[in-house]
Amino acid sequence: MMIGKVVSKVVSTRKYDSLQGLKLLVIQPCYGDKGACFVAADELGAGEGELVLVSTGDTAKHALSKNTPIDAIVVGIIDVEPTIDAAGDAGDKR
Amino acid sequence: MMIGKVVSKVVSTRKYDSLQGLKLLVIQPCYGDKGACFVAADELGAGEGELVLVSTGDTAKHALSKNTPIDAIVVGIIDVEPTIDAAGDAGDKR
Amino acid sequence: MMIGKVVSKVVSTRKYDSLQGLKLLVIQPCYGDKGACFVAADELGAGEGELVLVSTGDTAKHALSKNTPIDAIVVGIIDVEPTIDAAGDAGDKR
Amino acid sequence: MMIGKVVSKVVSTRKYDSLQGLKLLVIQPCYGDKGACFVAADELGAGEGELVLVSTGDTAKHALSKNTPIDAIVVGIIDVEPTIDAAGDAGDKR
Amino acid sequence: MMIGKVVSKVVSTRKYDSLQGLKLLVIQPCYGDKGACFVAADELGAGEGELVLVSTGDTAKHALSKNTPIDAIVVGIIDVEPTIDAAGDAGDKR
């Protein structure tokens, strides 16, 4: 799963019927290439600026009760940003 | 899902029978590596220059009514480009 | 799907039985990281130097009539390289 | 599979019911882009600072006994960090 | 599929039962980011320093006779490294 921040939402009138009514959020990754924003479906009610946990791939579709062509979904809203040491030193301070 | 712009289309005479008649668009990603163009099937009638929402992976195939070896499909045409703050500041202005 | 050029082929004597007789091509991506060559199965008879359309992931396996552990397959041979504006300007000239 | 180090854990109150009680670890990749941390489920009891082997994609979900929307899971805890020559020379000393 | 070189192996005592007895090799990619080593299961008996063909994703799991949470597997041992022109010129000499 990836951790990202909700930075915007998608407005689309012409789309597959199965996507009607499904909230689509633009997510900015917290780690790696932070410019590589992507879109995830959301049923949990995540708000802009919140940190979320996103599952990608085929498992995303199975999280929904109906068959929908999505490849990413918010599976959790994160309470507090995880504390991580600088890359390379992570976990070495023990 | 990824947001991209339709920049061209694919013309292929020799291909799998199941791909006959299926529109294949070249998509340029809006975020991340913008040079990494890819191809997505389209049943929604997206035109060149339009912004689209693309689902990738196994879910793409299931969006079609017949079994076709595709791994990306346009699932929505985006009305307005999402407003996103510069990477790193996204969502922090609240 | 990805667009790539056939640049070589793979010769492997010791392999899974289900891969026997299946042509395995080395493909160079046309967009993104052009050094990231990969291997795709081919049933269409693509020749070296030709541009091809490649589907990746689980859908590749289902394109074959028998169960084979592949993750990429040539699904079309491209007639003419798509015309794409330089990255960043793509589609903006309209 | 990827090799990574456990560097933190995720705390999330609002999440899918199927994720309740499942430990979610933040993993830092040992190879490639070390800044691209991600989250994996863990049933093996990996502790912070330990090296783990992580499977990603649809196979992760099937490792669990119940249907859960995850895309990465710890499948092994590594005894000793593998010895690898510097990139480019790996295996060439033979 | 990816072409890579076997550069090490993984030793893990605490792991899923279904992984017991399965050889796990560390593979260095031959193309793209050569530092991005990863782990693949091997039933073919590939040795350190050999070039191998690796399938990734859900198809890897189906190559094994039992259900195992892996996402990459060696599907062939390569006889001779494929001859590829320098990136950008590949196939253009015809």
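Lettered A, B, C, D and E in written order, each chain numbered from 1.
By our rule, a residue touches a chain if its C-beta (ideal position, glycine included) is under 8 Å from a C-beta of that chain, and two chains touch if they have at least 3 such contacts.
The shown structure was predicted, so the numbers you read here are calculated from the model rather than taken from an experiment.
Although subunit B and subunit C share one sequence, what matters here is the overlap of their interface residues, and that overlap falls short of half of the numbers used. Per-chain Cα centroids separate subunit C from subunit E by 18 Å. Put simply, the C-alpha centre of subunit A and that of subunit E have 30 angstrom between them.
Among the residues of subunit A, those in touch with two or more other chains are 33, 57-58, 60. Viewed as a contact network, the protein chains form a single closed ring in which every chain touches exactly two others.
Taking subunit B first and subunit C second, the full cyclic order of the chains is B, C, E, D, A. Residues of subunit E that touch subunit C in their complex: 1-3, 30-33, 44-45, 53, 55-60, 62-63, 73, 75-80, 82-85, 87-88, 90-92, 94.
Residues of subunit C touching subunit E in their complex: 5-16, 19, 24, 26, 28, 33-40, 48-49, 57-58, 60-61, 67, 69-72.
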